[in-house]
Amino acid sequence: MTMHFFTPDRYHNTLGPHEPVLRVAHGDTVSAKTVDAHGCDWRGEQVAVKPNPQTGPFYVEGAEPGDTLAVRFDCLTPIRDWGFTSSMVAPDVLEPRFARELPAREWIRWRIDTTSGTATQETHAGALGTFTVPLEPMVGCFGVAPSGGQAISTATSGPHGGNMDYRGFRNGVTVYLPVSVPGALFFIGDGHAVQGDGEIVGTGVETAFEMQFTLRVIKGKQINWPRGEDDVNIFTVGNARPLELALQLATTEMVRWLQGDYGLELHAASLLLGQCVRYDIGNVYDPAYTVACRLAKRWLQL
Amino acid sequence: MTMHFFTPDRYHNTLGPHEPVLRVAHGDTVSAKTVDAHGCDWRGEQVAVKPNPQTGPFYVEGAEPGDTLAVRFDCLTPIRDWGFTSSMVAPDVLEPRFARELPAREWIRWRIDTTSGTATQETHAGALGTFTVPLEPMVGCFGVAPSGGQAISTATSGPHGGNMDYRGFRNGVTVYLPVSVPGALFFIGDGHAVQGDGEIVGTGVETAFEMQFTLRVIKGKQINWPRGEDDVNIFTVGNARPLELALQLATTEMVRWLQGDYGLELHAASLLLGQCVRYDIGNVYDPAYTVACRLAKRWLQL
Amino acid sequence: MTMHFFTPDRYHNTLGPHEPVLRVAHGDTVSAKTVDAHGCDWRGEQVAVKPNPQTGPFYVEGAEPGDTLAVRFDCLTPIRDWGFTSSMVAPDVLEPRFARELPAREWIRWRIDTTSGTATQETHAGALGTFTVPLEPMVGCFGVAPSGGQAISTATSGPHGGNMDYRGFRNGVTVYLPVSVPGALFFIGDGHAVQGDGEIVGTGVETAFEMQFTLRVIKGKQINWPRGEDDVNIFTVGNARPLELALQLATTEMVRWLQGDYGLELHAASLLLGQCVRYDIGNVYDPAYTVACRLAKRWLQL
Amino acid sequence: MTMHFFTPDRYHNTLGPHEPVLRVAHGDTVSAKTVDAHGCDWRGEQVAVKPNPQTGPFYVEGAEPGDTLAVRFDCLTPIRDWGFTSSMVAPDVLEPRFARELPAREWIRWRIDTTSGTATQETHAGALGTFTVPLEPMVGCFGVAPSGGQAISTATSGPHGGNMDYRGFRNGVTVYLPVSVPGALFFIGDGHAVQGDGEIVGTGVETAFEMQFTLRVIKGKQINWPRGEDDVNIFTVGNARPLELALQLATTEMVRWLQGDYGLELHAASLLLGQCVRYDIGNVYDPAYTVACRLAKRWLQL
């Protein structure tokens, strides 16, 4: 159960079968620095390029195709006192006719104060004035090397994870990812100090992070799409367009989970989900949209 | 501020310019009985036909095209000790290949106990056994006569409301609807004792209700899509396919609301929504899907 | 086999259970005048309002719910020497970011010459100059009263037909529609002198028409969506959003047709359609999109 | 203008920055063998794995990022006397409820006769019997190395080309692709002896091919999505889900083409496309759908 501190000196804009930067054992914890979505680091220096440069990959010993990688987000901490967002709702989330009124977008600077736990946008935005929200740190983009020898841009996402931009990937959550290559090859980056549902301006409050996470291999367990859990919920994630396909993928993965691990038949899973399921919209901005299908653990005390 | 008690003797399967069953004044409260989605009433008698037979319409004096009708859901109460759901997740919410495994759906009976505030499905559903959930009463289908002389089936929804099947239409919520005909012509029915996000089995726990609501006219205020609020949130609703269009309609209506009533420019509305918006998925089952765009009122203490 | 000449003095903006303007027998032919999509008639007078005012309905004796109405388009003729189009591609058919560059749309006048069989747009459109295309007359909006007592706007479409804006509804084609009310109640209007696939500017060359068509009832034959045929092809039509749902509806209706009338099992229908099917995109502009699934009759000489 | 004959001994299942198998000059012609979609070669030997193993990549001297690669399909010839298709329409192209009736799919063998120019399915398919269609050879999957260092599965497609499964990629067509890496790195494979619109059974008649094509570099010309032309038409191709996004991408690329190369303003392009555009549906089966936006050259004699 070693703790590894890792400061990157190179970054990746694809998730693929790249040379590992570190080999870790099952159960090890990594505390790694990440740069912001535009490649600017904790000192404010431009050290990488868009989109969403990733720290890693981390090779997890013992992980083989057909296994599942479990990643617990132990502690996700912004390590720069400023971040940025886009200034304008994306045309993709507005009615096409209304979207024609949109001005060009700009980059807005936010002050991040980890002592008070807040982010403040400092321009004077009309009636809104300056504007402070509590920090809710999350990881926008992370994942493993995809299947079939692919190297997939950090702009998008898929079964391997990637740029999902889902608020639910936050402190205390354990994520499960399908392993496609030896060592799994875990990547992480694109921290958001806070973000609304859907990432509808195309960013959260983008900043550099210290990401501390623990990696475990679940041998012989095969999953199809990312899964996650915390003390209260289990959830599954579908990444695709259109939005209903993302929802279908997440729902199907949840049904498989209930069948496989909780012994529920399709009928019982339907009764349960029908009245108790919750859906979260991760992003409706990236090339693949993200929907989470979520169920409270209280219903699973079988 | 009269209170009207109303027991229907006829029902409608379209929302349209039908003969009013009652004329009420601005500010009046109505307590009306409604039958379940299949037309079975509080005594268990089949008195109407599918889909979602509606009580009403109620003519609200003073309401004219271009106004907004405000409907406060004062008290929504199941008035039958049983309800039903479908037994199977709809093929629309699963991956097409997985959906091929689905057996035919059946109707499942649930016991409703308003004393304990619970609904219990009474079949033995494998590992799930019998299964009890708290009641969260809501209205599946309600709305006003649509524009242009249309009469639209209670199976679907649109700017006028209709079969939105959104959990957020619950006790204590005030809904706003665009008025298209004199008197607005308000319809209500299809109560659900409880329902998950998305209405993914195609039903909530369907039962007969006593629906108490208060009707007010907001003169000269024009909206495009249903809006709502309670003590904590404001929200807007888009009804359409695909799911992203429903989301676009809801988001656009929220931006218009922030611009029109809260004095926020597009820039300020973007900054606020970008980090603070929440989306709820009403239904992904009906001919039109429903998405709500929601914002906590705490952000609007301007 | 009577021929009826009909000149309307009122128009409908919904397809619904309206008072018939004429009762005709099975096999009768009607030659009816129609106004343009904005309600301007053959003399250039504004006599009705948007959208797509319809002539009719025509009550066809003997037609009952569960039957099919066959409508042969014998002769569709523009009867005004000018038409109009919109000047600008709709934002719905462009990438959201690109669509932001669109200027506001204007109405463009076209000269229609039925002698030469051409339509000419008369503004000087840059390098394109004036611009002449051959006439290909078609019906944008027609259909029967929908099911369930609905009255549906002529802006949109459904199983009953409506505003499908499909180039394939042209001279010599026979269309089949599902009958939902006694007499079927057939409506017609919105003639286009010519139109591209998708109706991507939101109009064809809109003008007044003389529409000659022959109405027949096919007793006891039940269909789900509009079907059509001419000497060369059979086709089915799906009206919905998203575009893939329209395609799914059309394809499913074609499979049913091959199963029901041509005795092909699912396997044989798959082999045939897999290598021989053609798809046409009717419109991607209206609230419901339209896709036609088309198969050459040469493959059906079984 | 050298002619290169090339017989592969290895294959790729991603389009990416792989080691070139051959370097060719601007204007050279290549005649290369390709295996079928499942990796079975011209002798019927299994030499590669699914999906759509590619011959190549071919390095074209002088091609640099920002250029366009022109590929003329000189002669596409099936070189095996049998091919295969799937037996069943994919669930994705049918209504979800109808799709539940589908049996499992099987592989159906077709006899290919290049002398008579026909493909014949040899099972007895009910009323359809055996069944013969004319050959219309096409390339299912081809393209260049994508941008950003990506390696993208041959199951899917994007701006770089890939598995587009569009009938329009046939003899005599010249295709244009955006160059993202030095040498462009052109891949080709997955020949179909014939295929219907949409590839709705998930295959064409899959077989081994001799693909003869001529490669040219257009220096300094930048395009966003694949384009093509033959003697009669120009066309653009969008690859994405949902289907309307594919159509939007194709339409936007066509507008850019008309603006950039034909000097048409947005207004003139709109007038022209509005009445003259044609859309083809490439595939509605793969992870990304394909739509072509097509315009007859007769309209461009400016």
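Letters A, B, C and D mark the chains in the order given here, with residues in each chain numbered from 1 onward.
Quick note on the criterion: a contact is a pair of C-beta atoms (placed from the backbone, for glycine too) under 8 Å apart; a residue touches a chain by one contact, two chains touch by 3 or more.
Please read all numbers here as calculations on a predicted model, not as lab measurements.
Asker: To get from chain B to chain C along touching chains, fewest steps?
Answerer: Each step joins two touching chains, and the minimum needed here is 1.
Asker: I need the pair from B-D, A-B or B-C whose contacts repeat those of C-D. Over half of the residue-number contact pairs should coincide.
Answerer: A-B
Asker: Farthest from chain D in C-alpha centre terms, which chain would that be?
Answerer: The most distant chain relative to chain D turns out to be B.
Asker: Can you work out the whole-Å distance between the CA centroids of chain A and chain C?
Answerer: Inter-chain centre distance comes to 47 Å.
Asker: From the C-alpha centre of chain A to that of chain D, how far is it in Å?
Answerer: Taking the mean C-alpha position of each chain, the two centres sit 34 Å apart.
Asker: For chain A, which residues are shared contacts with two or more other chains?
Answerer: 92, 96, 102, 242
Asker: For chain B, which residues count as touching chain C in their complex?
Answerer: These residues of chain B touch chain C: 13-14, 16, 148-153, 240-242, 245.
Asker: For chain D, which residues count as touching chain C in their complex?
Answerer: Checking each residue of chain D against chain C gives 85-89, 92-96, 98, 101-103, 108, 119, 121, 125-129, 131, 133, 194-201, 203-205, 242-244, 247-249, 251-252, 255, 262-281, 284, 289, 302.
Asker: State the interface residues of chain A toward chain C in the complex, per the touch definition above.
Answerer: Within the complex, chain A touches chain C at residues 90-92, 96-97, 99-100, 102, 242.
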